[in-house]
Structure formats: structure tokens, C-alpha cells
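A, B, C, D, E and F are the chain letters, set down in written order, and residue numbers restart from 1 in every chain.
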Amino acid sequence: MIARILPHPLLTLTLVVVWQMLVNYVSLGTLVFGLILGIVIPLITAPYWPDRPRLKNPAMIVEFILVVLYDIVVANIVVAKTILFTHNTAMHPAWVSIPLDLRTPEAITVLAGTITMTPGTVSSDVAADGRSLLVHCLDAPDPDAVRDEIKQRYERRLKEIFE
Amino acid sequence: MILSYALIFTTGCFALALLMNLWRVVSAPGVPDRILALDTMVINFIAILVLYGIIEGTAVYFEASILIAMVGFISTVAYARFMLRGNIIE
Amino acid sequence: MNADMALWQEITVAAFLVIAGVFGLVGSFGLIKLPDPMTRLHAPTKATTLGVGGVLIASMLYFFFAKGHLSFHELMITLFLFLTAPITAHFLAKANLHTDVKRDEVPPPAGDRPWAGFESDAARQIAEDKGTQG
Amino acid sequence: MEYLLATAIGAMTAAGIYLLLRQRTFPVILGISMLTYAVNLFLFASGRIAINLPPVLLNKTPTYTDPLPQALVLTAIVISFGMTAVVVLMGLGAYLSARTDHVNLNEGQDDSAEAGK
Amino acid sequence: MNHWIVAPILLPAVMAAVIILAARYQVALQRVFSVASTVALLGIAIGLLVKSMSGDIGVYELGNWPAPFGIVLVLDRLSATMVTLTAALAVAVVLYAIGSGWDKRGHHFHALFQFQLMGIFGAFLTGDAFNLFVFFEVLLIASYGLMIHGGGAVRLRAGVQYVLYNLLGSTLFLFALGTIYAVTGTLNMADLAQRVAELPADDTAMIRVAAILLLLVFAVKAALIPLHFWLPATYAEAPAPIAALFAVMTKIGAYAIIRMYTLVFGPDVAATADIVGPWLMPAAVVTLIIGMIGVLGASHMGRLAAFAAVGSMGTLLIAVALFTPQATTAALYYMIHSTLAGAALFLVVDMVRARRTAEDDIIASRPAIAQNGLIAAYFFAAAIAMAGMPPLSGFLGKLLVLDAVRAHDMVWVIWAAILVGSLIAVVGFARAGSMVFWKVETPPEGEASEAEPSPPAAALPFVATGGLMAGIVALTVFAGPVTAFLSDTSAQIFDREAYIAAVLETPRAIEAESLPHEGTKK
Amino acid sequence: MSLILIAALPFLGALLPGLMIRSGRTACAWATASVTLAALIGLLVHAPAVMRGEVIQYQLEWMPMLGLNVNFFLDGLGLLFAGLILGIGLLIIIYARFYLSRNDPMGQFYTYLLLFQGAMVGIVLSDNVLMMLIFWELTSLSSFLLIGYWKHLPEGRQGARMALAVTGMGGLALIGGMLILGNIVGSYDLTVILQNKDLIQASPLYLPALILILLGCFTKSAQFPFHFWLPHAMAAPTPVSAYLHSATMVKAGLFLMARLWPVLAGTPEWFYIVATTGLITMVLGAVIALFKDDLKALLAFSTVSHLGLITMLLGFGTPFAAVVAVFHIINHATFKAALFMSAGIVDHETHTRDIKRLGGLRHLMPVTFTIVMVAGLSMAGIPLFNGFLSKEMMLDAATEAPWDGNHWIVPALATLGALFSVAYSFRLIEHTFLGPKRDDYPAKPHDPGFGMWAPPALLAVLVVLIGIMPALMVGPLVATASGAVIGGELPYYSLKIWHGVNAALFMSIAAVAGGLVLLAMHRPLDAAWIRARRPEAKAIFDALMGTVTGAAKALTDGLHNGAMTRYASVFTLAVILAGSAAWFGGTAPAPVREVMAIGPVPLIGWILLIVATGCMVAFHRNRLLSLVLMGIVGLIVSVAFAYMSAPDLALTQISVEVVTIILLLLALNFLPKHTPVESSNARRFRDGTIAVLGGLAVGGLTLAMLLSDFSQESISAFHLANSKPGGGGTNVVNVILVDFRGFDTFGEIIVLGIAALVIFAMTESVLGSPVGAWLKQRPINPNEAGDRHPLMMVVATRVMMPIALMVGVFIFLRGHNEPGGGFIAGLIVAIAIVMQYMASGFDWAAARQRYPYHMIIALGVFAAALTGIGSWFAGRPFLTSNYGYFQIPPMGEFELATAMAFDVGVFLCVVGAVMLALESLSRFAHRAGDRPSPYPMDIDPSRDLPQEAKDA
């Protein structure tokens, strides 16, 4: 029942927040209206999001976000350094294939996105069977280390959150 | 005072960035590089617009910015799909 | 632009602005400087996002300090950019893989099927018919 | 400022005309689009230009820029969008049917080789 | 308050929507709606015409905003005449399209047709310069769709040219409007008339440019040399009923010229007096000659009809270019005539095409077509009308024009052009007619059976075309009353003050409240 | 009978034959004849009055404004001609009944004949020259039909076209002349014109009018040098030749000269032009006639000659000559019609008209011989036949006509003409009927039935009667007719055989004698004639026509060769030149506004724009690149809008931009990716020059505009002032769009809707054609990456589409008060949907699309229209808006305006139109093999997870 009205609760939440951001001030009126939209719009778009992934451990999200934000800031400095001061010849670009334990598309997407947003790595492609992720590293003398770090730092947490 | 210098500096940076992007769009070796440059350009444009909002002390440029962001994304994806598949809606 | 702001406020905003400017410039510079398409792809996706992110945060703070109300608009734009940047990067990476990366330059995936970009539609259909996904 | 706008409009017009005089539908359509930009800016400029005085009565500026040309340009943009869409499709249809995208009826019967690329 | 003025614009729009919504897949239903709407439009048009005869100018303030701030529709004798002419033509055309099955050769014929009518009516009725642009675009884009209706490589390529050319026209229109607004600060025609008349003598350059650009815009529509190049291929390749409907499209250009250059840039406006008439006249003469030469030189009947249309526009614009009441009367009479005659000619050509095995319209001897005699008679009549031979209205129109140019200092050139022009046309039509209808191949006995294409069974095409012919005959027989009305019309056209007064000082729909207050406006 | 009825009867009667032919040829003929007879009787009823000198009139207003009225009048001249037309017409109808063969469509023939008859009667009865012109041209048209009656004969078609071209030309000249005449006099009524001789002849326009009118008369009456069409018109059936080309139509020119004689004649110009032309024609025609072997050709040229004779007489300008002219018109009509009919009989019986193959028919066809004998002698001018009388008087008149002071040249030439006519008349009789009977006639000749020889016989009788007792027979008629021509005192003349011994007598004796000599030596002369190289009129005419037509074709096709590039450059140049001319003809506005300082941001934008624009031209051959560059230009333009205080425009521009680019990309997928190098350097230089000129012109105009000021205050002040109180919105642009100028927007959304319909219809017709089949079967592009629907994109869309929709709602709701509105919202929503299409593909997304876009468009139009109509019920005009503020706790106060409902219409239209267009376009890509994917994404490892694992 609730699933029929709220096919994607998290989405509804996001939308309510987005609405607040749009109208740019918070009041009961805006909240109510935002909620209405937050319920109606997902219902309209429901057919385009048929399956309903459930979050096992939402609390984990916060931790994950913090880790990622930290990494992003670092990443930018590192990359800026590389761009400015490392000579092109001194760089070690590399391709890394990361076998995935994640299964839900949402989780895989978040992982891929995170990888892209963090130090010198861009997730470039998914295997045709969705079991591995192809990542390009800007400057990775030791590709295996990169793979292990990604699996440790992100995939583990996501696995806990999603599956 | 400081702020205005900062503003000029930043504006200059992004202006320069934009010119580099345009140069890249025209001179890039491959199409993906062009698209990349275009995407970067769009983002820099948003920066410029927001900066201008600060300079003028007005927020009317927000809608433009958000829309440009959205549009930039769509067109980049469209170009990339065009590269990959030729047909962008299939 | 009205300057009735405390010095520290100005400095904070200015700092964000300068950082942002630098990153924005670096990102676009990397676009020209870096050697091959894939490495070039790294530069803007991050540097620029942080660059424009910095500007947006600066603007947010500015209006908070100057006009006294916290504007979420900039935050929203930032989030939007952060949400979309990986996707664009992903597509551009695919495009690069497609145009100028040989199939054997990249490590093979774990499974028996190739990277999605290298699998032709026909091959994909056969594979799906074989149900090799299970 | 005025000089920038005038020169910009002039430049876009020139580019538009040059492309308009090309012999294939695609560049010609791009030329028309350039002309459309130019004429939209021109129509907009007919209200003269003002900075940071949007005709939105909420932000209490002393004066506002002329809103009428903006409304006209908006209409013009929409209309020329519709026109462009139609001409693009017609160009495509003509190319697929005639196997040539030459705009001149008296030419281009022979380049059917590249059709379907 | 009287809403009938807006009806000719709303009815087709709503009807088109209904057709799209309710009858997208049932051609029969579409036909019912389309015909019903068109006939109703004719009724409304006649009603408006009768209303306009009283001589007072009907003004409809859309959104209840007073001119010049809002958009107004203006119903005077001129607009009523044009609306009625179009509606009458539309009935014949829609019937022909149904009878000949043209409407089934593609999608959305009737919806586009209704939208087309909406655009044309809007262009005739609006009293606002920019709104005129909008309706130009409406009728143009609809015409793009109708022009390529049925598809085919050649038609599509011709269509692309037609669109591109008119896109240029539209762009030019916007440049003109921008300039006009930049100088006068208004868009309402009546207000423009006032303001242009009051322009300081040391600020004429811009308005002159605006006037000439606008003239060129309308010249494109009116197929005036050297802006006529879009016409031949378009008319020749367009589906016949559409080509027939297009007979009125060129007239829209003429209408706009008459309207704008009597009301706003009238012959008595010093700033622009020396660039309109003096430029228009020579161009019109050349147009006439080129058109008639085309009639003689055409190798296909479609092109023959198209060039006849060009030539007729030349004659018409000669009369327009004089900008005198008498000449305008002649122009209006000739406009009605050439619309009906041109349309009829295109339909006759299509009858031939439809009955030929190759479905071609080349001017050469072919196996005899079904109903050769009847169609030949139709062609003869249409040709006589287009060439301006007696006894049909074409001759009367020509006499009116010849008579009207008497005072003009180019009178000899113009007379020579018109008379020689119609001689060339006569020869051309005679050549084409005798080739197509007299010099018939007699196919060898063997294939005589299948050489004869089975004629379209419907009698509707003949009825529709016959209707147009009947119109021409009526125009001839009742030339007296018609010209009488038309001279009243041109008298009204040249009475600028009356128009301005009617538009700018018209009583509010609701009694004007002194100050606008929340919720409702004055 | 009323004159209009006399003129109308043949026209009305023209319907009869078509109906009667079903009940047999004879019935048809009788019906036709009865029509003519009725008209004739109706005419003769007036005869006594006219003879008494009265003038019968009939007047009916037709186009008073033009002075074109249905005015008829009947005087002596009119009576004479109308009598001839109807009387001979009657005989011709009877004759034709027997002449036409079974497989000739007789109904048509009689219809055309009656049309012609009506036109002729109209000419001679018209009191209004404009109406006379109408009938005049009608005779050309109807004779075109009659000459071309035998469609299968090429010479028939050519003869018809030639006659139409020549007489049509004359007719048009006549129009000019008549208009001038009418303008001199101030009326187009003949009765008025005829009163103003002095006014006309004093006018400086007299000569042009005279020349134009004479052009009309000469062409119609086959006067030199326009005589050549007449013989070729002889391809017509003989009844036509007899009627049109001897008795009536060719006399129309003479009639008009006679009609206008009172006002035009009497001047030297008249004499020298008319008399000379007539004289030359007379002699020339007679000479040629002698050497024609075709009976009808011989008669045709003799007709030319006699028409020349009459023209000459009218040209003399003396009353006596005029009388003679009238008299000869009567005589010629009688004997020439008889001769034509007899020639027809001979042709009909012997199946040849070649004199060289005839001879000795006297014994086989005595009746015909007698008729030809009588009429021929009359034509030769032998006493006791009417031809003799008028010829004597003609020669008499000739002696009175000094040419440039020379007293003998006219008589001499007249005699020469007479001499030749004696010769060919005798030749006609001798070589056809006399001499030994031959045995090689193509058919077995014998006299025809009574019906066929009665009409010529009747005429022959008249020839004799008039010849013997002229005064009694036609005295009064000649008197009244010539009275009408002269329009004053009749001169002294007497119609009798013996005028005593005078110059004329000797001249005609000489003519007869000489004629006989000529005939005697015909054989050698004929040989010489054949050897002589003469200009062949038809060849010349055909060559001329061929050249003209060819030139016309070359010019037309050369000018309209379908070269869009040329059309466009002509267009552009025309605009630039006209615009500049207009500009420099006026005084430029003063640059009163002070220039704004250039900030850094706009400068950057400017540089970017210029560079991007330049690159776009430079790299336009790389289509994808030029598209990218166009996108950049669009981006800069929209930022410029934002910068210049136009947020709404910025939003619109940018969102339109992306949709346009997607459209172009979809199209470019099928188009060539590169534009070939085609134009020469010179061509590119030319185009570049035009482009630069255009750029300068527009730039200059813009600058002048930006620096000058409005002449009066702009109406937009009102909009700013009334936007809030009147329209209930603070975003003035939006209020203008949905309220002040909502009607523009109504049209605008309909444009969008139409665009979508057009695109849909066109896609259907292309995909429905062979092209569609070819598209479906086209090979798969080998260079195509895998992964149609990437996982990341799909997942991202799942979040982003709702957000985008929300932004759309936001933009829509605030539109009335802040930048935004239905249009932009519509585009945003469309973009969101496009995102979904790009992510999961067309099939999958379309399958989940609940409402067809057609419907959405239609609903949009409805919403907008009905909102507008709603205000009718408040007694206000279409689109009158209304608004109010409402309280719904806990939402707080908010505003609702009818304008918003209108905006919903806009919104729907935009969404529907954009999506329908894109949908149609993406259908081009469908291949036959494609199978609609059942999944939103190709790769989804969760598919093989157990269900509970997903939900748990």
C-alpha cells in the first residue's frame, strides 16, 4: 500500500528538499506543497523506475558521504598538482579492471560515480555482464593498490547500504 | 575591497578558461575532446554567470544557471551518444 | 555590490573565489596540456566541478553575509553538477574507448563477456539469448 | 557596450548570410539559425539595452528595461524554433528521398553515392 | 459584445484541434469536420462582409486591452472582402481535395488546412504589425506542411526551397518590425500611422529603411520580381488543391501592401513617399512581363499556371502601386478575379494530370484523356480568364487597371506591358491548350484499352472547379455592384483618419472604470 | 424585338445544338437555324424605322464606374451588317447541315457558329466601344474554335493559332486605341464619340489612337501586311470559310472603319494610311490569287483583294467613296459567299480543291456551274452582275483620289487590281468547269442535293437581281447605311448599270481585256511564278513564333533554374541595396544616448562570440563541429540575454538551443557528416562580399538604433504600469505574453503545434515510401559501440527526471511573477522526457508513455482557446484575463489567474510539439531487425538476483 503511494521514499525525500531549495525559503506552506509534488511526481515517473531497491542500512549513507567529500577535496588538489607540475612523460596512466560484488544498478552507479569524483580515477565502462568496472587512472604506478582501495573504501560501504 | 580584487581575479581566470575551452573545441584532435571542451565551457559559463550575480548583487541569474547546467549535461550526453551510436535516441 | 561585511567575511568569500578561480583555470589548462584523451578527461571533471563549486559556495556565503539570508540555489546547482559530472565523464570515457583505445589495451573484465562498449548489438543479443548472465 | 552588441549582430548576420549561400541543406540551415540569432538580438535591441534592470517588478529597481521587445523576441525564438525543426526534417526527408542534400534543384542529381551513410 | 470578428480565427483553430483529437484515424470524420468548418467559415465571412458594408469599422480588443497596448482585430470592408474571398476559395478547394482524394495521400491534411485558414484570416483581420508577423508564420508553416503533402523527392526538394526562402522573408520581417519599434515605440497599425506621420523631418532614415524592408517582405509573399523565385517550383510541385489555395497566399502580400502603404506609409507621408510607389511600379511591370513570358515558355502545365499567377500578380501590383482610390478599386477587383481564376487553372491542370497514365503534366500530345471535352472547356474558360480575354472578369479587371493608370507618367509603358503581356499569354495558352487537348495521340489499337487511365469517378472535382468558374462568371455579370462596393472599400482604405479614430478611440467593451483595481482590469 | 435580345439570342441559342444533337443532325440544324431566323426577324422588324432614319437604342448599366455599359444602337450601318451576318448565317447553317460528314461533331460546330454569330451581331450593334471590344475579342476566340474545328488536322490547329495570334494582337491594339478615344471624348459611348470629330482630330493623341485602332481593323480584315493569316484559316470547314472569312468576320475591320469614319476619316493621316494599305492589299491579293491552284486559297486571296478595295474606298475619305464601299460590301458578301459554298460543293463531290486536277465539270455539275458562273462573273466585274456596278463606281472614285498630288497612280493601280481579278475569276470558271471532261477525278462528281446548292443559288439570284436593278433592290439600304457611315448629307450618286462613257468605263474595259490576256498566258506566267522566290508568310510566321517561344522558354528556364543559392543571393542583395538606398535617401537619427561602458564580462562574451562565429564559417564543412560551435553561439547569446536584463529570454534561448541541437543531431545521423567543397574561389569571394555587406548593413542599422531614441514614448510604459494591477503579475514579460499580447502567444503555440504535425506527417510519408523500406533494411553501421542503454545513465535519469520535472513545475508556477512561465517549463519537461528517451531508448520509454503527443498538443490548443473563450461569458473579449488571491491553509495565500490556465495550454502545446517532433524523427532510425528491449537498461546484474534479495 505505502509502496503504491511512495514507490521511492528516498526520492520523495530528495524532491521535498529540492523544492525547498528551489523556493529558497522554508515555511509550512512550501513544505506541504513540496510534499505534494514529492508524492505526485514519483507517481508520474514510476513507470520509468520499475524495480524498487531497498536500503538496508541508511545510517551508513552519512559516513559514506563524508568519506567521499573528503576524498573529493583531496582528489582535486592531487589532480591539480599532477596537471601543473608532473611532466606528461613522468605520469603513469593505467587501466584497472575492478570485479564487482555489487549487483543493484543503483549501487553500481553510485560506486562508479564516486570513483569518478575521487582521486585521479574515471570509471570508464561496465562489463557486458555487469560484473566488472573499467577504471582509468591518471597516475597509478600500482594499479592493484587502486583496485583494492576502491573495493575497500567504497564498495564495501555501498554493499552494506544497498545489499 | 579584497573581495572586489578576488572577483576580478576569478572572473579573469574563468574568462581565460573559456578562451582555452573555445580554442580546444576548435583545435581538439578528436571529437570526444571537443565535447569535453564544450562541457567544460558550459560549466565555466555557469561560474561566470554566478560571479556576475555577485558583482551585481542580484540572484536573478539562478534560473539561467540551473538551466544551463541541465542543458549542458543533456547536450554533452547527446553528443557522446552521437559519437558512440550515431543515433542518440534508440 | 555593497561592502557592509566584516573583513573576515570578505576574506572567506574571497578565499573561496580565488581557490575556485585557480581550479577553474587549472581544469581548462589541463584540457590542453595533458597528453592523451583519457588523461585529459581527468582534468575538468574534477577541477572544474570544484572550481564552479567554489564560486557557488562563495556566492552563497556572500549573499548570506551581505543580504542576510542563506540561499540554497547555489547549493542546488552544485549538487546538480556533482550528480551529472560522473555521467558525462563516463560517456566521454566510453567515447574515448570507442574512438582511440584498442580492445587489447585494456585489461579484460572478470566475466567471460567483454566490456559493454566492445560488444556489438548482435553479440549482445546472442549472449542474452544464451542467458549467460546467470 | 552598444558597439559590442552592434558588431556582434553584424558578425552573426554576415556568417549567417555566408552559410546561407552554401549549396547543401545542412550549412544553409545553420546559416538561417545564425540569422535568427542575429535578428532576435536586433529585435531585442530595438528596446535599447539596460544592465541589471530586468522587467520584474519584485526587485525594486528605479527603472526597468523595455519589456515589450523581450516578449516579441520570445515569440520569435519559439516560432523560429518551430520553423527550424520543420526545415531540418524536410531537409532530411528530401535527402533520403532524393539521395542528395543539394539545395539547388538543378544540381546534385548525381551524388546518390553517399546516400545512406 | 460582438465576438464574430474573432470567429474566423478561432473556429478553424478549434476545429483543427478537434480533428487531431477526435478524428486522427478516420478520414471520413475528418472530412465531415473540415467541410463543416469551412462552410461555416464562409457563412461567418459573408455575415462579416454584410456587417462591413455599413461602412463603420469593427474593432475587437483582445484581452480587453485598449489599442495600442493590446492587440486588436479590425474589420473593415477590405478585411471583410479578403476573408470572404478566402473562405469561398477554401470551400471549393476542400471539396476538390476530397473529391480528388488528395487529402488521403498523407496525414493531417484537414488539420493543416484548417490551421492554414486560421493563419490567413488572422493576417487579414489583425490590426497589429507584430501580430501580422505571427499570423504570417502560422499560415506559412501550415503551408509548408500542405505543400509537401503526399511527399515525393521532387516535391520535398522544392518544399525545402520554399521553406528556406520564406524563412528569409520572416527574418526580414523581424528586422523591419524591430526598426519600426525602435523608431516609433509602437506596433499597433493605427498608432503607427499616427506616429509615423508625426515623425520629425530630421529622423527619417530608420523609418524609410523599415518601410522598404517591410515592402520587400510583402513583395516576397506577393511574388514581386526579384523576390518571386520561390513561386514557380512551389506552385508547380504543390498538390493541386494547395496550389489552388495558394492563389490567395500571394494576395496576402498584396493585401498587406495595400493596408500598410495606405494606412501607415501612405502616399502623403513625406518620409517614405518617394520609395514605395516609385519602386513598386517598375517591379510590378517586370513581374507582369516575366510571368506572361513564363506562360509562353512553360513546358509543363503546372509551371504554366504558376507563371500565370506571377503575371497576374504583376498586373495586380501595377494597380496597387498607384495608391489612388480608383486604382485600388481596380486592384481589388482584379485580386478577386485572379484568385478565382488562378485557383481554377491549377485544379484543371490537376484534372489532366490525374487522368494521364504517367500522371505528368508536360505540354505535349498524349493519349486522349477521359472527359477530354469537358476538361478542355474548363481549361479554355480558365485560360480566357487568366489571360484577361473577354468576356470574363479578367478582361474587365484589365480594363479597370488600364483605365486607372491613365494619369500615371509611365502610362504608355504600362499599357504596352499589360496589352503585350496578355497577347503573349493568349498565345501561350492557345499553344498549350491545342497541344494538350487537340493534338491527342491515337494509341495503337492493341493498348487502347489500358492506355486510357480510368478517370477518377468523383464528380466533386468538377463541381468544385465549376464553382470557381461560376464565381468568375458572377464576378463578370455583377461587375457593376461589385465595383461599386469595391470603390466604397477603397474610399474607406484611403480614409486613414476614420481607421485611426475607430481603432484608437473605440469604446471599451465594459464601461471604463477610472482606475484598475485588484482582480479585474478596467 | 429588343436589341439586347437580338444580340443575346445566338448566345442563348448556343446551348441548343448540344442538346438537340441527341435528336438527330437535322433537328440540330433546324434548331440552330430557327435561332438565327428568330434573330433575323427580330432585326427586320426594326428595318422600316431604321430606313426612315430613326436610330433604335437599348441601354443597360453594367460597370458605370468604368463607363462600360450594355448599350446597343441600330442604325443603317448596323442594320446592313446585322442583316448580312444573320442572313448569310442562316444560309450557312443550312448548307453546313449537308456539308458536314457523319463523324464530325455537329453539335459543337453549331455551338461555336452561334457563339461567333452572337459576337458579330454584338460588334455591329454595340453603342459602347468597351463592349464592342468584348465582342470583338469574342469573335477571335470563337473563330479560333471554328478554325481548329478539325482538331486532327495540324494545319487546322496551326491556322487557328495563327489567326488568334494576329487578330488577338490587333484586338489588344484596338483596346488601347479605344481607351484613348474614350479618354479624349470622356465617354465610351459611340453615339457620343461620333459627335466629337473636331475634339478627336484636334487631340495630340489622335494619331496614336488612329494607328492602334487601324491595327485592329487591318489585322481583322487581313490587310497587308497582316493578310497572311487568312489563307491559312482556310483549313477550316468550308462553311466557316464562307461565313467568317468572306462574308462577316473579315468585314468587322471594315465595319469599324466605316463606323468611326465620321470622326477619324478626312485627315491626311487617314488617307495615306488607310487608302494606301487598301490599294496595296487589293493589288497584291489579286495577283497572288491568280496563281493559287487551291480553290479556297484562290477565293481567300481574292477576298483579301476585295477587302483591300473596300478599305481603299473608305480610305479616300470622300462621301462618294464611302457609299461605294458600302455598296461593294453588300455585293462582295453575296457573290463571295456563293463562290465559297460552291467551292465547298466541288470539294465535297470531287474530293479535291486543286484546280489543276479539275476542269470540265460543266457537264457533270450544271447547277453548281451556273452558280459559279454567275458569282464568278460578278467577281470579275462583268455587266449585269452586281460586282460590275460597285467596281465601276470604285474606279470612278479612284480617279478622284490624288496620291501626294499624283493623279494617275491610284487609278492605274486600281485598274491593275481589277485586271487581275478579272483574270483569276475567269480562271476559276474556266479551269474548273470548262474544257474537256476528265476521267481522273478523285471521286465521281455530280450536283449535290437541293439543301446544299440552294443557299448559294439564292445568293446567285441576288447577285443577278442587284446587278440588273440595283436601285430597286438595295437602293434604300445603301442610302441608309452609307448615311450612317457618312453621318451627314449623302453625296450625289446613282445605282445604275450605264453611267455613260467615262474614265471608269475605259478602265474596266482595259481590265477585262487585260484579264483575258493574262488568263491566256497563265501557263508560262504560272511557271515563272513558281520559279520566282517569294517570302512564304507562314514560314516567316512560324519562324517568328518558334523564335519567340524558344526565347521565352530559354529566359524562363534560365531565370528560374531552381538554383536556391542564386535565389538567396539575389534576395540578399536586393534587401541590402534597397535598404541602403532608403537609408541614404533620408536623414539619420542623432546619436543622443550616451554609450555604456564596456565591462569585462561582456567583453569576454563578445570575444568568444566573434571567435565562435568566425570558426563556424571557417569549419562549416565539418558538420558536427559547426553544430557544436552553433551551440556555443547560442549559449553565449542566451548568457547575453541574461546579462542584458532578459532572464526569460535567456531561459527560453538556452532550452530551445538544446532541443534544436538534439534535433539536428538526430538528422545528422543520416546526413553526410561533411560538406563537400563545391564553390569556386570566385564564388566564395562573391558570397563573402555579399555576407560582409549584409553584416555591415545590419551592424550599422543596429548601432544607429542603439544610439538614437524613440521618437515618441514606447507603449511598453503602459505594460510596466498595468502589469501588476491589470494583469496580476510582476514579471511584465510574462504578463505581456499571456495577457497584453496573449493573442501572439496563441498564434505562437499553434505554430509549434503545426510544426509538430508537419514533421509527423512528413515522417509518415517518407517512411511509407520506398525510402522507408530502404531505411529499415539499411546495413548496421559496423563502427557502432555496444551498450545502447548504459546502466549509469539509466540510473541517473531515474533521479534526475523527477528533479527536472520539479524544476519545470517551479518555473511554471513562478512564471507570472518571476522569470519563467509555461513555455520554458514545457521545454524543461520535454528535456526531461528526452533524457529518459536517451537513457532507456525510444521503444521502452514510448511503451510507458501514457498520453499520445497529438492529444497533448490538441489539449494545449483547447486549453488556451477555451481560457480565452471563457471571458466571453463575462461579456468581455477573447483572452480577457482575471485573477484573485486565495487562502488555503496551510499553504498560505497564493494567486490564481486565468492567464495561468492559458499558460497551461502553452505548456501542453510545447511539451506535445517538441516530443512529437523528436519522436517522429527518432523513428527514422528503426531497423527491421530491431527488437524492442524489455528492460530499461541492457546491463542489469540484479536481474539474476533472487526476488527477495531485492525487496529484503
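Operating definition for what follows: contacts are C-beta pairs under 8 Å (C-beta built on N, C-alpha and C of every residue); 3 or more make two chains touch, one makes a residue touch a chain.
Remember, it's a predicted structure, so these values are computed and weren't measured experimentally.
**Student:** Can you list every chain in contact with both chain A and chain B?
**Tutor:** C, F
**Student:** Tell me, which chains sit next to both chain B and chain E?
**Tutor:** The common neighbours are D, F.
**Student:** Identify the chain whose mean C-alpha position lies nearest to the mean of all protein C-alpha atoms shown.
**Tutor:** Answer by centroid distance: E.
**Student:** Determine which of the two chain pairs, B-D or B-F, is joined by the larger number of C-beta pairs in contact.
**Tutor:** Most contacts of the two pairs: B-F.
**Student:** By mean C-alpha coordinates, which chain is most distant from chain B?
**Tutor:** F
**Student:** Taking each chain's centre as its mean C-alpha position, how far apart are chain E and chain F in Å?
**Tutor:** Once rounded, the distance between the two centres reads 16 Å.
**Student:** Could you tell me the distance, in whole angstrom, between the mean C-alpha positions of chain A and chain E?
**Tutor:** Distance between chain centres: 62 Å.
**Student:** For chain C and chain E, what's the span in angstrom between their mean Cα positions?
**Tutor:** Those two chain centres are 57 Å apart.
**Student:** CA centre of chain C versus CA centre of chain F: separation in Å?
**Tutor:** 68
**Student:** Two or more other chains touching the same residue: where does that happen in chain F?
**Tutor:** 562, 564, 568, 572, 643, 647, 668, 698, 701, 705, 714-716, 719, 740-741, 744, 748, 751, 754-755, 758, 762, 765-766, 769, 784-788, 790, 792-793, 796, 799, 803, 807, 819, 939, 941
**Student:** If you look at chain C, which of its residues touch at least two other chains?
**Tutor:** 22, 29, 41, 49, 71, 73, 76, 80, 83-84, 86-87, 90-91, 94, 96-98, 116-117, 119, 124, 133
**Student:** Counting only residues that touch at least 2 other chains, which ones in chain D make the list?
**Tutor:** 20, 25, 28-29, 40, 42, 45-48, 51-52, 54, 56, 68-69, 72, 75, 79, 82-83, 86, 90-91, 93, 97, 103, 105
**Student:** Taking all chains into account, which pairs touch?
**Tutor:** Contact pairs between chains: A-C, A-F, B-C, B-D, B-F, C-F, D-E, D-F, E-F.
**Student:** Mind pulling up the chain E residues that touch chain D in the complex?
**Tutor:** Contacts found on chain E: 130, 134, 137, 141, 144-145, 148, 151-154, 156-161, 163-164, 167-168, 170-171, 174-175, 177-179, 181-182, 187, 233.
**Student:** List the residues on chain B that touch chain C in their complex, please.
**Tutor:** By the definition above, chain B touches chain C via 1-7, 9-14, 16-18, 20-21, 23-24, 29-33, 35-37, 39-40, 43-44, 46-47, 50-51, 53-57, 59, 62, 65-66, 69-70, 73, 76-77, 80-81, 83-84.
**Student:** Which stretch or stretches of chain C touch chain B in the complex?
**Tutor:** 1-3, 5, 7, 10-11, 13-15, 17-18, 20-22, 24-25, 27-29, 31-32, 37, 40-41, 44, 48-49, 51-52, 55-56, 58-59, 62-63, 66-67, 71, 73-74, 76-77, 80-81, 84, 87-88, 91-92, 94-96, 98-100, 117
**Student:** For chain F, which residues count as touching chain B in their complex?
**Tutor:** So the residues of chain F in touch with chain B come to 600-601, 604, 607-608, 611-612, 615, 619, 624-625, 628-629, 631-632, 635, 638-639, 642-643, 647, 650-651, 654-655, 657-658, 661-662, 665-666, 668-669, 781, 784-785, 787-788, 793, 804, 807, 811, 819-820, 824, 828, 831, 834-835, 837-838, 841-842, 918, 922, 925.
**Student:** Looking at the complex, which residues from chain C come into contact with chain F?
**Tutor:** 80, 83-84, 86-87, 90-91, 94, 97-98, 116-125, 133-134
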